[in-house]
Amino acid sequence: MDAKKITEILHALSSKIDKEKEFLTELDNVIGDGDHGINMARGFKAVDAKIDTLETEDIGEILRTAGMTLVSTVGGASGPLYGTAFMKAGMTMSKKTQISLSDFLACLNAAVEGVKMRGKSVQGEKTMLDAMIPALEAMNKAIEQGLTSADVLKCGTEAARQGVEYTKTIIATKGRASYLGERSIGHQDPGATSFTNMLEAVYDYITA
Amino acid sequence: MDAKKITEILHALSSKIDKEKEFLTELDNVIGDGDHGINMARGFKAVDAKIDTLETEDIGEILRTAGMTLVSTVGGASGPLYGTAFMKAGMTMSKKTQISLSDFLACLNAAVEGVKMRGKSVQGEKTMLDAMIPALEAMNKAIEQGLTSADVLKCGTEAARQGVEYTKTIIATKGRASYLGERSIGHQDPGATSFTNMLEAVYDYITA
Amino acid sequence: MKKLINAVDQVENQMISGMVKAYPHYLTKLNCGNVVVRTEKKSGKVALISGGGSGHEPAHGGYVGTGMLDAAVAGAVFTSPTPDQIYEGIKEIATDKGVLMVIKNYTGDVMNFEMAREMAEMEGIKVEQVIVNDDVAVDNSLYTVGRRGVAGTVFVHKIAGALAETGADLEEVKEVAEDVIANVRSMGMAIRPCTVPAAGVPGFELKDDEMEVGIGIHGEPGTHRETLKTADEITDMLLDKILADLDYSGAETAVMINGAGATPLMELFIINNRVADVLAEKGIKVYKTFVGEYMTSLEMEGFSISILRLNDRLKELLDAPADTPAFKA
Amino acid sequence: MKKLINAVDQVENQMISGMVKAYPHYLTKLNCGNVVVRTEKKSGKVALISGGGSGHEPAHGGYVGTGMLDAAVAGAVFTSPTPDQIYEGIKEIATDKGVLMVIKNYTGDVMNFEMAREMAEMEGIKVEQVIVNDDVAVDNSLYTVGRRGVAGTVFVHKIAGALAETGADLEEVKEVAEDVIANVRSMGMAIRPCTVPAAGVPGFELKDDEMEVGIGIHGEPGTHRETLKTADEITDMLLDKILADLDYSGAETAVMINGAGATPLMELFIINNRVADVLAEKGIKVYKTFVGEYMTSLEMEGFSISILRLNDRLKELLDAPADTPAFKA
């Protein structure tokens, strides 16, 4: 997969997020401050515009640019988190013009590490990590089993969705939802949901 | 009439004003700021308390004290006006222990001059003067005609009431009501009304 | 009525007490109603006194201190103080140089201050007065008692206070105060009313999309009521009236964007953004801008614009040091 | 939504423009979002930067100037600014002595500032940070990300800014900022909500007789909601929590009564009247009191109390000269 396809995938993420905007915002309304969908949609709209101006074959540069654009347009908590995720992913792809499935998993791994570092958070705190980490683990396992790209991604989105379900059962200990204490139980995390949406968009792209 | 009777008359004014308090306030609500009755009642309550502590035969001192008490407790426009009226009246009675009918008219004359001076106002501006001046003129005329005290005061209250009626027909050019311009027409002036109430109280006292 | 108070008949004295307790180095309260004077009495200078009803905080107590007022008198909410209060203030601050009273043009205020003046003069105290009437909203016609005094009064305190601090004579201080009055114009508007505690109900009512243009600092009606417009349109409307009333062309000015009490500072800055642009476009130079709450109306939501035409002397006095709780220069 | 604005997507930049146009001698805006820096850059000193969402005016731009901040960054209303904005601010003000970031403890603020710091460090700029967490309302427990930063932040700006102005080293300035943070506690309440312009509806709703106790500066819920009490009772409730959290006994303190945006100054003084009495009764000496709008929440109606326990050094730095649009000493 080359730079052109990566650019197309980023556009696919953007339209997926735009479609889910209202729902994400509604989720954030319940346990946060009701801006997650708006924040993410604003950021990906800026990514849309920015990546089309890039004239590079360097996938790392494209991902880093996407990350920096998210960082400088989203704001709040999710801006630095997703921004860092994309930038860290981009660093693993530096100067590369092709991306393989194992490169993709390395990207995701770097993204998880970036979110953990940036958010000072771990799995089980009712955040995007609760979708990201299970998805990464499931995909690593699937690739070891020699599954196809499509099947690997299928396993990943499945695991992410289960992660979102899991966030309903736990108390938030990071981000705004943490102020709610026990009252955060029963509601799914917006960030975990938006990550799952993005993974779904990647799966849809490669199976289309 | 001696100091004791003057003190009784002042108490009579106070209870009259207290009785008219709501009505005066309602009138002020329409063309002013709705506090005339409250202001006057507060002031006369203070006068009530103050004059009972005086141990003097000097009617001038009693009236001056009443005036100063009004000045220091009423506030707004009517405080200085009625306060000045009573203080000026008191000055005409300085060191006197008896008050005659013509003394009373001299008091009222001084009061009118005091209000004019203090308020920089003349007859016809829709103020208390529109009751005070006609009342004074009517009483001066009645005294020339040799009428009894009761009849003189009766003429005075009659003229004051007509003055109040007259205020309904004119535009206010002094005080808060003046900001209303033409919209002040049709409403009677609170200050003209409260003056008439006081004169009525004096009449009631001497004819009781 | 939803207010952070204890009792409606305690608001004035608890307010003054809280103010004096906040600024004991600046303010001392007299034992005769709500009168505050400078904690360190200054002699050898003309003493300035001002005041009015309560509810305009930080006016007037907030302006007592070096380079501004020597005493401030607070009546009941939106009601002129009584002469004896004012007189006690005058007596306390009077110096050989005399006393200047800065009065806002309301019948009650003028009469009560003038009576206090007479009382003080009987004691041999030299007293002069100026009457501020900067509000261009209601025209000065046959049917009014002249224009109302509003936020421009703060410029009078600042500039006359600065001159007084130099030891100038009473006549000079009065003269410069009148120079400020002659050169300052103001106008305000509101989108939400305020409630006098003792009344318990709002002074007026506005629909969700209505505003009152030309409102006074006690919520008195102004020129008219109309549909709420954008901040820029409202600003233009007020500026039009102010600029039509006095020739500011080519002049340097001081601008005050005064919040009525409940207006967020964010909105006052948005308004100043427009004021600055319009004045620049018209070639009127802004020498100094003041944005904040200077002469409020309890929790009314709205603002006023005041523009002072400066000359070299006014400019210098505006810049002179001032150290008071609410105004520092 | 009844507001004095032009368009919901213009409030932040028109606010900043209006602020800069009001105070050009103090503030200059960078061409990269809503970042303001001192008009006269000071070298040879540690540079201070702070910021957060818009809607807290005069914070943070109002505190840029001599003896306080060197730069302030404003995000969208109630939303953390982005790292690139903060980074541009840092680059502009950075000196050889380094840069101190004063951050309020919100996940978004902390992360965005930390990213900016990394960017600056990559350019060889020395950057340190402190995180203000003075709000005692929500307990610092397992289930929170620590206490929120509220009005006590202004004391950090003042005191760290004063030390920086003397040419002290980055470590010393950071250390004194942390000393302030360790010694300041705050708590707030509200009787009326505010409306984020882009949202168009109030952030929460209260009944006519209800108040929210322990509210945050973005209208976040606090400890509980209850029937409105008198100003004295409410004050006692907040003071109880503050005084239970830190041992102020025998100490000298600085007190801040901060208006949330729509609270009349009269009410803030009534509250201070009680604060002063209670502290006096408990033998806690008030060295200095600040009453006004320092860290607001748009047009929210309510207030917060902050109490800073002083030592000789903090006292001296609190008194040191400061000359900014919103804070002069």
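Going by the order they are written in, the chains are A, B, C and D; count residues from 1 in each one.
The rule is simple: a residue touches a chain if its C-beta (ideal position, glycine included) is under 8 Å from a C-beta of that chain, and two chains touch if they have at least 3 such contacts.
These figures come from a predicted structure and were not determined experimentally.
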Inset, instruction - Chains touching chain A and chain D alike, please list them. - result: none
Inset, instruction - Could you give the separation in Å between the centres of chain C and chain D, each centre being the mean of its C-alpha atoms? - result: 29
Inset, instruction - Could you tell me the distance, in whole angstrom, between the mean C-alpha positions of chain B and chain C? - result: 33
Inset, instruction - Starting from the mean Cα coordinates of chain A and chain B, work out the distance between those two points in Å. - result: 83
Inset, instruction - Determine the centre-to-centre distance between chain B and chain D, using the mean Cα coordinates as centres, and give it in whole Å. - result: 57
Legend entry - Residues of chain D whose C-beta touches two or more other chains: none
Inset, instruction - Identify all positions of chain A at which a residue touches two or more other chains, and write them in rising order. - result: none
Legend entry - Topology of the chain contact graph, where touching chains are joined (line, ring, star, complete, other): line
Legend entry - Chains that touch, pairwise: A-D, B-C, C-D
Inset, instruction - State the interface residues of chain D toward chain A in the complex, per the touch definition above. - result: 75-76, 78-85, 107-108, 111-112, 114-115, 138, 141-145, 198-199, 218, 220-221
Legend entry - chain D to chain C touching residues, read off their complex: 2-7, 11, 14-19, 21-23, 54-55, 57-58, 62, 191-192, 194, 208-209, 228, 230-232, 234, 257, 261-274, 276-277, 289-291, 293, 296, 298-299, 301-303, 328
Legend entry - Interfacial residue positions of chain B with respect to chain C in the complex: 33-35, 39, 68, 71-77, 79-81, 83-84, 118-119, 171-176, 178-179, 181-182
